[in-house]
Structure formats: structure tokens, C-alpha cells
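Letters A, B, C and D name the chains as they come in the text, with residue numbers starting at 1 for each one.
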Amino acid sequence: MKKSDLALNELEIEQFLSDVFPQLYADGEQQFFVENVEPYSARIRLKYHDRHLRPGGTFSGPSIMSLGDVTVWIMVLAHIGRVANSVTTSLNVNFLMKPDQVDLIAEGKLMKLGRRLAVGEVTIFSDGLASPVAHITATYSVPPK
Amino acid sequence: MKKSDLALNELEIEQFLSDVFPQLYADGEQQFFVENVEPYSARIRLKYHDRHLRPGGTFSGPSIMSLGDVTVWIMVLAHIGRVANSVTTSLNVNFLMKPDQVDLIAEGKLMKLGRRLAVGEVTIFSDGLASPVAHITATYSVPPK
Amino acid sequence: MKKSDLALNELEIEQFLSDVFPQLYADGEQQFFVENVEPYSARIRLKYHDRHLRPGGTFSGPSIMSLGDVTVWIMVLAHIGRVANSVTTSLNVNFLMKPDQVDLIAEGKLMKLGRRLAVGEVTIFSDGLASPVAHITATYSVPPK
Amino acid sequence: MKKSDLALNELEIEQFLSDVFPQLYADGEQQFFVENVEPYSARIRLKYHDRHLRPGGTFSGPSIMSLGDVTVWIMVLAHIGRVANSVTTSLNVNFLMKPDQVDLIAEGKLMKLGRRLAVGEVTIFSDGLASPVAHITATYSVPPK
């Protein structure tokens, strides 16, 4: 499978995100950037922004979980196209270290894309650092065609 | 252990939450209500509010995960007192059904409160309904005394 | 729903288990006992036996995970009948304390029984003790009718 | 960090495993092979053997979870040396496809090695195949020095 075989490219995914998840935009400003989508992988950037802060000035746990969740959703979309009703059925997160006050980078792998379920894993880094901030696995229920 | 042996009561916990997590307040309005705290259990209410909506008009996954996470944190606080730097180390969530457009009620149990780790489980319901919307387990790292 | 509405009772489930999972029997001896099955709940006993031991003389992690997994499977079976090809899609376990050298008791709740997925949670105790040894959630893929 | 900086090499780990986990040996025969240990990664082989079979002739879920659990334990051992009382505190597994009737290969990464907790992730393959059979994350409690 080649990148050109994907159902949606980076711009199309960002457009779809802004249509169906306006609440992902903080005060109308774009937060999630689809930097790269390949077959079975993706890299997503979450902009550093006060809105995500928890005590100590870092991203909150829920922001990090959202980023992992959205990254798996984006990989599913890239393969099956605009399907808003694909829903998360389970998610597991391990928080590994406090993020820095910089953007977060999510590196996702789509491990399974079955007829009913899709499963992805995502490692999240502070931009420019090698040690991961968090690791997430998420399962999506894929709607019947 | 009796309720009066807890380190903090419902009002004290809500006050502490508003001090250390101002971002839990949507536009300055209280969202999380500590309805009841007992030894090793708690009931927390998350007000229905547009801010949590995802397509279809229900609470978003991240809102539900936040509620589970906060519920375990509150049970830990109730036992060990005002300790802001207790952090989530892992969280697992199963989404069971789409929530209704009403408040969410979290029923939490603290399963372990050790010297290093605390583990809780939380079942989340749409207010007034018997079938759960989601189930969450979360582990917190407890700071040394 | 009443107990008599279940597709299988305790004895029928034990018989089915011994047919399809002979490896659950240690040297031909029954290990898992289906003590009680009710709508959306079950209690299963795992006999104390050297085979499960890890250093320190307790049940091993894999034995505890097996017990949680089997308990969810049994609750699914009790509702949908003899269906060997229902498979676990994900499982999460928190180990809470070292078990004693006695039988393990699993108290399971079936939280969801959908057309595609079933989700259960199981709390595991050392027989006679109040503090749980482990907590497990497991998701099963339910075959189409 | 170089391979020569590790506390234990492949043979030393296999020897320690056989000392403290004799039950990992099926009828006295070695099942787990430590093929390679590097800083923050490891590759472990589980021999195909009837003992692991479930209906349909594949490895059972508990065998796969054991392999993931042992792989994280081995990575921790390789870094901190012979410490039998490091225990699993939580484990999450996603089962992705039915394994073949061949050996299983576990590719592990140690994502965090802190003073209290170590966290690893493991992708498990049927020997020679590219699509993963399962993905596991596990957290270990590391004893104080």
C-alpha cells in the first residue's frame, strides 16, 4: 500500500476534523495539526496552549489522552474515509514523564484494521525530546460498510 | 474507618479543586460536584454542558475520561489530604454506550491505597439510568509523606 | 431477566469448559468451579494448586489474568449459549496485593452485552478476605448470530 | 548506554529465569528464549508447544499475556540486575489476530525506568510474519535500592 492509496490526505483530514469536532479548536484557533499520514502510521502535533495546562504548567492528562485518541481516529479515517460515527470502545494510557512547555508530537501506528475493530498505538513526545511523555493504545469500532 | 476519619470532606475537596484546577471550570462555572465521599468510595457529578459535546450531542470521550480520572483523584485526596502532586500513572477506559444529554454520575471505589500507588475504579452513568456509560480504572502515584 | 432465563446454568458451563478447554485442567484435575451464575454476574473459584505458584508461593500473574478472562467468558456464555469462538479482544488488569495461599474467588459483572462486543469487570479476592487481590476488565468479540 | 553496560546478558537472564520461575518450564523443557537484550529493548522467543493450545490449535490468551509480562520483566532485569521481587502492577493487552502454529516472537521496548516504576511495551508476532498477534503494555514496581 502506498501513501497515494489512502482515502484522505493530511489537508482533507484537517478539514474533516474542523467540520465534525469544532470543540477541538480552542477559541477558534487550530490546535491539532496533521503533519504526516502514511499507510498504517501518522504524526500529529498538538500546539502548546494555556488551555491544556494543569498545576505546574504542563499539558493535562485529558489533553494527552485526547491527542492519543484523535491520532488513532485519524489513522482510521485516512484508510476508510469520512466516517464520523467510528467510536472509541476502549483506551489505555501510561503517563511516563511530565511534558515540557512545548508542542506535543504523537507518533501513531495502526496495528489492526479489521472489519469490526481497529487498534492503534501512539507514543507521545515533547517536541524535540527523545524520551516519551505517554503511550496510548485505543480501539475503535468500525461501522459496517 | 468512618466518614469523619477522612482527611477532607466534600466542600473542602471542591474548594481544593477550584484552587488547583481552575481549568476544570468552564468559563468560570463549576462543572464537577462532589456529591458524596465515604471511606474508599465517592460519587461525583459532571454537569451537562455544551463544552463537552462531540458530534451527536453527547459528552466527548475525553470528558468521560476526565471525570473518571478526577473521581479517583478525589478519593485519594479524601484519604491523604491536600496533595496536589499526586499524579496519574495509568488509566484504562471502556466506553459502553452513548451517554444521554443529562448530567453524568461517577460512582468510584478506591481499591488500593498503598504507600506508593493508589488504584481506583469508576463506573459512569447518565443521571437516572441503570446501564453504565463507561468504566474506568486509574492508578495514581502517591507522594512519599 | 431471571436466572432461569439464562442460556446455560452452572453445571452446563463447567461441562462446556471441560470439553473446549481441557488445558484448564491441571493434570486432569478440575481447577475452575462455577459457583454461581446470575443475569449479568458470576462467581468463579480457582482452586489453590502448586501449578500456579510463583516465587513466594502465591498465584502467578498469568493465573490471575486467566481467572479474570474465564470469568468474563463464562458470563457471556451464560447469556448467549455454547459459542466457542467468542474471543477476547482486550484485557486490562491491576494487581492490588499478593494473594494468600488459599483459593481465589472471582466476582464478575457483565457491564455490556452488545451485538458485537461484550465487556465485563472482575474483582478477585483471596477466599475469605475483604481486600481485593486484582481487578480485571475484559472485552469479548461476540460472533454474529 | 551500550549493551556492555547492562547488568545482565542473555545467558545470565535465562539462568536467573530458570532459578526463580521453574514453572515457566513445561515438563522441564525450556520455553522462553532470550534472543537479544539491548539497552531499553529485548527480543524473546516462546517455543510452540501443545501446552499453550486453546481450541483451534493456537497459543492461548494467557500464554500471550505471560510472554508480554516476562518480556518487560526481562528488560527491567537487564538494567537493574537480579531482583526477584519486582512485581507487575498493571498490564494491558490487545489481541490483534489469531497466532499461527509457530513460535511467538516478542519485540519489547522499555519506555520508562524510574525509581519506583518501569513501563514497557511489547509487540508479539508469529515467527516470520509481519502483522502483529498482540500488543501489551506492562508496569512493574521497582524495589527501592
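Just so we're on the same page, a contact is a pair of C-beta atoms (placed from the backbone, for glycine too) under 8 Å apart; a residue touches a chain by one contact, two chains touch by 3 or more.
Just so it is clear, the structure is predicted and the values come from calculations on it, not from any experiment.
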item: Minimal step count in the chain contact network, subunit A to subunit C; value: 1
item: Listed chain pair B-D, B-C or A-D that repeats interface A-C [over half of contact pairs the same by residue number]; value: B-D
item: Subunit A-subunit D separation of Cα centroids, rounded to whole Å; value: 28
item: Whole-Å gap separating subunit C and subunit D, where each centre is the average of the chain's CA atoms; value: 24
item: Between subunit B and subunit D, centroid-to-centroid distance (C-alpha), Å; value: 34
item: Touching two or more other chains - residue numbers and ranges from subunit B; value: 89-90, 92, 94, 139
item: Residue ranges of subunit C in contact with subunit B within the complex; value: 92, 94, 96-97, 111-112, 119, 121, 123, 131-132, 135, 137, 139
item: Touching residues on subunit B, where the partner in the complex is subunit A; value: 20-21, 23, 51, 53-56, 60-63, 65-66, 69, 84-85, 87-95, 98
item: For the subunit B and subunit D complex, residues of the former touching the latter; value: 89-90, 92, 116-117, 139, 141
